[in-house]
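We call the chains A, B, C, D and E, going by the order they appear; numbering starts again at 1 in every chain.
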Amino acid sequence: MSFFDLKGIVRPLIGLSQFGKNPHTKRLDVLGKDTADRYRGFHYNDLEACIGCGNCSTICMNGAIDMVELAAEFNISQAKGNSGLRPRVDYGRCCWCALCVDVCPTGSLNLTKEYNYVSPDPNTFLWTPGVDNPYGKDQLSFVSTKETSLMTFDRVPMRELDGTERVKSFAEVVLGYNEEEARAEASRCISCGLCTEVCPDHMHIPEYINAIARGNDQDALRIIYDNNPLPEMCGKVCTRRCEDVCAIAVRGEAVAIRWLKRYATEQAQTADLIQEIVNPEIKEANGYKVGIIGAGPSGLTAAYYLALRGFDVTVFEAKQFAGGMTMYGIPKYRLPMDSLNKQVSYLQKIGVKIKFNTRVGKEISFDEIYKNHDAVFIGIGFEKPWKLGIPGEDLENAIPAVEYLRMINDGESYDVGKKVVVIGGGNVAIDGARVAARHDADVTILYRRRVEDMPADWEEIEGAEDEHVHIHPQAIPIRIIADKSGKKVKAIEYLEAEMIAEEGGRPRPVPIEGSETIMEVDTVIGAIGQEADYSFLTEEYADKIEVNRGRIVTNAQQQTSDAKVFAGGDAVNKTADAISAIADGFRAVKSIEAFLMKK
Amino acid sequence: METSLIKEELLAQQLQNAFENIVTEAVRKDTVFAYASKEQVSSILLYAKEKLGYKSLAHMSCIDWLESDEFELVYIIWSPETKLNLFVKTRIDRQNPEMENMDMIWRQLNTYQREIREMFGVEFPGFVGEKEFILEDWEDAPPMRRDFDTLEYVNDTFFEREGREDKQDVRERIAKRSGEEIPDFAKKYSRE
Amino acid sequence: MNTILFEILGAIATILLAFTVGMFYGGARRKIIARIQNRVGPPVYQNFIDVIKLYSKETSIHHGAMQHMGPVFAITASVTSLMFVPVLNGGGWFWFDNLSFSGDLIFLVYMMVFGSLGMALGAGQTGNPNSAIGVTRGLSQMVGYEIPFVMSMVALMTQFHTTSITGMMEIQAQSGTWMMFSNPFAFITAVLAMLGMFHYSPFDIVHAPAEVASGPVSEFGGKYLGLMMSSGSIFAFVKLTLFVNVFMGGASNLIELVVKTFALYMIPVLYGVTSPRYRTEQAITYFWKWPLFFGVISLLWAAF
Amino acid sequence: MREKSTTLYLGPQHPGITGNMMVKLQLEGDTIVKATTHVGYLHRAFEKLIERRNWMQTTTILCRFCVPEPDPPEAAFALAVEQIEGREVPERGKYLRSLVLELARLQSFMLWYAGQSGSTGLYTVGQWSVGDRNYVLDLFEELTGGRIYHMYIWPGGVRRDIPEGFEDKVLRTMDYIEKRIDDYDRMMFDSAIFQKRAQGVGIITKEKAMEWGVVGAPLRGCGIGHDVRKDNPYDAYDKLDFEMGIFEGGDVWARARVRQFEIRQTISMIRQLIQNLPSGDYLNKMPNPMKWTIPAGSAYGKVESVRGEFGFHVVSDGSDKPRRVHARGPAYVHGVSLLEDVLIGQNLADVSFIMNSLGVCPPEIER
Amino acid sequence: MYNDKNAQTIVEYIQNFTRKNSLFMLAYGTGCGAIELPATLTSRYDAERLGVRGAATPRQADLLLITGYLSTKTLKRVIRVYEQMQDPKYVIGFGSCTINGGMYWDSYNTIKLLDKYIPVDVYINGCMPRPESVIAGFKELQSLIAAGKADGAAKYKENLEWYRENQKKVLKNWPLVEYNW
């Protein structure tokens, strides 16, 4: 440094020129009004779109988000699949990291531009987004989009046999997840548990999925067996209403709950292995005897859990194999016979006695069962197909789908010919069609309504289409035409229908005049529903046990009008699927136990 | 992208040749692990510093492996020439944790050792440095040990603002509404 | 009787004037600095609010009698100094003829030190090490700037053969030349010393916040701080008026006074905005280099 | 003559202390004969808290490690996690990360201007630079949604893509700031007084620097060229054209010159990043955060912050929560033992000046 | 906002007016909030126009800013600083941490509820509060002062026992000096 540093004295003075410039200061009244479009301010929750899954509350590392019940005036939906709770944020905890936004599966929780709040009272920092700041709707800034969300909205695709490959055999179409896929799929679950409410059996879905995600498959199976003794069957063919309310499904594809259950059960390839893994605690025999009619899902469920609770259980099954409709009504490419038999033999290991080929009312009378047991559970299911109610359905080649499936599953052969028509849109109809397709038949499904109205699973419908099953929607069959011999089916005549929107209901098909079409066919398979066969009930019991519109009337605990008799399954509930039957059986166990132990 | 680990392998080999009974591993790009016994660490560090040019100490940290009742001490050193990070790891007994004082190799270790002594209770015999570093009047267990439960301590010592008692758990509420009974062994998989 | 009353009234008015002007200058300084820093800054009257608030604060700190004496010394020194500084040309304004006597310049030079010494005593009593260090620094720095300042004054006194401020003002009025032109080196010396007197950057080491909190006044809050601030603003007025009187021919009316003093005031303010602060020894080195050099020259100028 | 020695507690509440720590000084006159640092006033036990948080939640708490520079911790953690997990970052993600890191460096440099000049009483530069820093923070706000805490860098990339028109805004801001830096430099570096204050103060010799593990600008101010961005390039730094500022002397002046040089490098880097921004994905998305597990392993991720190398030692035991995250910021090295050593023999007036030039940041020392 | 000006005497009114327009703040750099304070005081936000300026020591300060979390170690100093301040004195709590623990709610070393240890006049929302919020906090405090409602210090005197008890729970054996006002 020089002795006299003029530059060092003068150059800083240039800065004084700033005096003449406009200050950068913002006026007080505009301060805080121009935040960026992405600013992370207070939360805003769309109360209607929110399903109360509580994922925001879980991700919040500050414990800032509580799930609370709001006052009645906000009309929070309490429907199934909606917890009825809404997040409340403690701004004495929040750090505005917005992870809650990025994990919100529905996208209802967003942040706004608003961030200014000062108060002398520390108790006023507890806000319910959407309630305390309804104006936030117009100030959304840091929003949750499908692209930025941390949720994985796309399901891990399930590997399947190719459509042309499938029709060649009855090999299982779905190949199942391998471990990596299962972990990936399981990790999509947010463990909210909304699904459990919809599941008729209230399975512990978040828990077992989480166990899979953490790599504890055995725990997963144990949790599954807690209230479902036929998980492998459910894992393959469940109607999985749980997936409809999945929180992820609001914006994406639901977690593949069914496939994950299937994955969990696949680890146990034999009944011994199941026992080894599940290793249930069997209580000491308590001396009570329970008779169960029908080894369908509901009967087997009741039998299993009663056996675990120390009851002496005997199941009476009319057919050669246990499983009921799941055995005889579901084609083998969906549910292989070995699989079901494995699960049944596990039940037998636990101590469930099954008397096969024992039709109640034929080999053994209901009276005998009733008298020899302390309680009776009826799980007979729907066996008898409904009639189509059109002329010609008694012809030789017009066959109910249930019957057709039973024959095929029993190993009997039935020649459907080259051209098959299936009437109906349920799972049974599709099953019938796909089985027929496996016999090299050209199959057409006639359904009254549109494809999207079909009660069958969309996966099944897609599977059928892959197998070149032709679906003809909006077609109402009016008669089946016999051939010259008058015994065999030659053709079917149907009317085209149009959908007329009806107030307060779903659209109704109305036949179009003059649209009659005749289609030549070899076989007509009818699948419009089934009913129960109560012929085994002798008059004495028919009076005691109330039957209404083909269904046994029970209370919520599955108890019939006869206190000693319990019932479940298709013969009782209207949902007519395996999981409801299992739920009935499970409920019945509890009430049978309560009924007997109380005595 | 598979990169070759030539430099890393070379360093692992060098250490392996110089010391018996140590395990070295070229883990990934720029990173080499050396597992050694407690007694060997100082000679490895000195060797690496003097002979191999690992002049700079990047880090020292302590990990509590409660399950196996051990503390793991990790020294991360870095060389300006090879640009590699060498992790020298050793495990010490958790019940009587003691480690050689090494602040004469790197003066910087002074700070690290003070922290580890305070936070984990690891003793460094012969190490001078003030006892209190970050904490003041601390009477509980060394707080970074995994068996010290911070939440419990917080609940005992501090207050929480009232007005949030009405919160509910979604899973429990759903279970209650539908009558589901979650078995105890499954609860550990429930959402926290 | 009346004259004494008027004199007292006039004295009070002078104090009020000095206080007001000093406060507004302080406010203006904050405003100007704010503008240079691209800000709007507080209102010009902000210092008034501050002082009133400080007086209304409770004071509950007791570190012994000397602590109370410190601010009192300071305000006494500044008020006494003020009494000896002619505010306007012709010796007085508002019925107040200042306590001018021949030799008041020498008296003033010492009076100005008195305040700082009193402060030092008071601050020393508080036992706060920051104060102690601040005081040490303040005194060291005072030694630094006091020598060139006295030199320039002595140069003027020898050059014009008077030790009275009014005398100097008369001489300037007669000759029509301001002393800053008749002895420019003395003026330069005095201005350089003034930079130190104001304790603005780069000579604010005394109360450098980053080092010794606020230095000597660290322990003074409330009324004491209010007193210190009042004393400071009166003192600023005293210094500025003195410089204007001595170097710039005084002022014949208030507007002229304000213009001249403000212009002078801007020198330390603007230099302060752009300068980091010197360390104590650097400050003393500074004062003993250029100011001293100019001081010697001014003495020589005066002598020859 | 032996002067009477005074004990002065500088802090914890003291205007001259960067943050909240205490330096106990033993003074003889104005000269320091002994300095003892006391830290722990800001200890929040992050590393304990992280034991209770899962990997995703950890990313949001990280930026609080160091208040003036919230981004390097995020990046260092992300790098460490990526190393353990083997997660690839898309090219655009890398560029955006570097962009954020450089913007963070820029705003931190401006904060440093304020600290360095403010500790010598030159408040004007501080007022300017902190005021102008708002324009950089505006960019952050636009990009990440937060002014100070961005929580933007995630393992696998960045959180959001850039908004529309952002590139232009960055370039315009850079032009403005480049112009302003000249103003700061005129007042600060050209000032004779500042030069006097800074030269020969707080000297760290080359040997000492290696011994104490000095990093960052203080190390480069000793004439040793070490910069993580050059030595172990991460993100997009291997594709950028920049130079290290290496100055000899080891005093405050040399450190200041390093920063003066590097702030311009940073601006040029930001321009390069914006101009070469590739298209494509910005994030290699992690699975559901609640179920995100990292395979067992450990790694040391490091990035270059303004004050030096910022390192994270991350240990995973394969679960959904980190086993241990141990952070080591530059202040951890500079602010405790080294500071005690450097302060001896210095003038009291230079304490906060030296602390600023070493970049002592207490929240990061004690975490 | 507050219409009870008539309730105050003219002296009180002037006092409150000057108190509200001249806030010497002691920014205790306790936490993250300290980083936005420079911004609050500089060009864009310029808190000085509200009469807010920094004070270097507690003796001179009217306003204590607790800028975030307080570790127990700092709490000790904060209590001492607070007690050193001269009446009238006010406290502003910054951000979540002072309200209910913020993101350090489960940390063993930070206090959660500031108002259990020292009286707080105004809380500012945010983590951390933006300068705009800080300014809003100042303005809120000013309106409280104008209305004569910022009486945290009086509350502290009244309930000293209660505050001491809470403080001791955290500070344990740390000696607390006698509060002399």
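As a working rule, contacts are C-beta pairs under 8 Å (C-beta built on N, C-alpha and C of every residue); 3 or more make two chains touch, one makes a residue touch a chain.
The shown structure was predicted, so the numbers you read here are calculated from the model rather than taken from an experiment.
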Intersection of the contact lists for chain D and chain E: A, B, C
Please find the path from chain A to chain D through touching chains that uses the fewest steps, and give that number. 1
Compute per-chain Cα centres, compare each with the mean of all protein Cα atoms, and return the closest chain. D
Centroid comparison with chain E (C-alpha atoms), farthest chain: A
Please tell me whether A-C or A-B has the greater number of C-beta pairs in contact. A-B
What is the chain whose Cα centre is as far as it gets from that of chain D? A
CA centre of chain B versus CA centre of chain C: separation in Å? 62
List the centre-to-centre spacing of chain C and chain D in whole Å, with centres computed as mean CA coordinates. 43
Can you check how far apart chain B and chain E are, centre to centre, with Cα atoms defining each centre and the answer in Å? 39
Inter-centroid spacing, chain D versus chain B (mean Cα positions, whole Å): 23
Got the chain C residues that touch at least 2 other chains? 34, 36-41, 130, 209, 213, 273-275
Of all residues in chain D, the ones touching two or more other chains: 15, 40, 43, 45, 48-49, 52, 60-61, 124, 127-128, 131, 149, 187-188, 191, 193, 196, 290
Multi-chain contacts in chain E: which residues touch at least two other chains? 42-44, 46, 49, 54, 56, 58, 73, 99-101, 103, 105-109, 113, 127, 130
Go through the chains and record each pair that touches. A-B, A-C, A-D, A-E, B-D, B-E, C-D, C-E, D-E
Sort out for me which residues of chain C touch chain E in the complex. 30, 34, 37-43, 46, 49-50, 52-54, 56-61, 130, 207, 209, 213-214, 217-222, 225
Can you name the residues of chain C that touch chain A in the complex? 32, 34-41, 270-271, 273-275
Any idea which chain B residues touch chain D in the complex? 1, 27-28, 30-31, 55-59, 61-64, 74, 76, 80, 83, 85, 87, 106-108, 110-111, 130, 132-136, 143-144, 146, 148, 150-151, 191
Over in the complex, which chain A residues touch chain E? Could you list them? 23-26, 28, 31-32, 61-64, 90-96, 115-122, 125
Can you list the chain D residues touching chain A in their complex? 52-53, 56-57, 60-61, 124, 128, 131, 138, 141-146, 149, 151, 159-160, 163, 183, 186-188, 190-193, 195-196, 199, 285-293
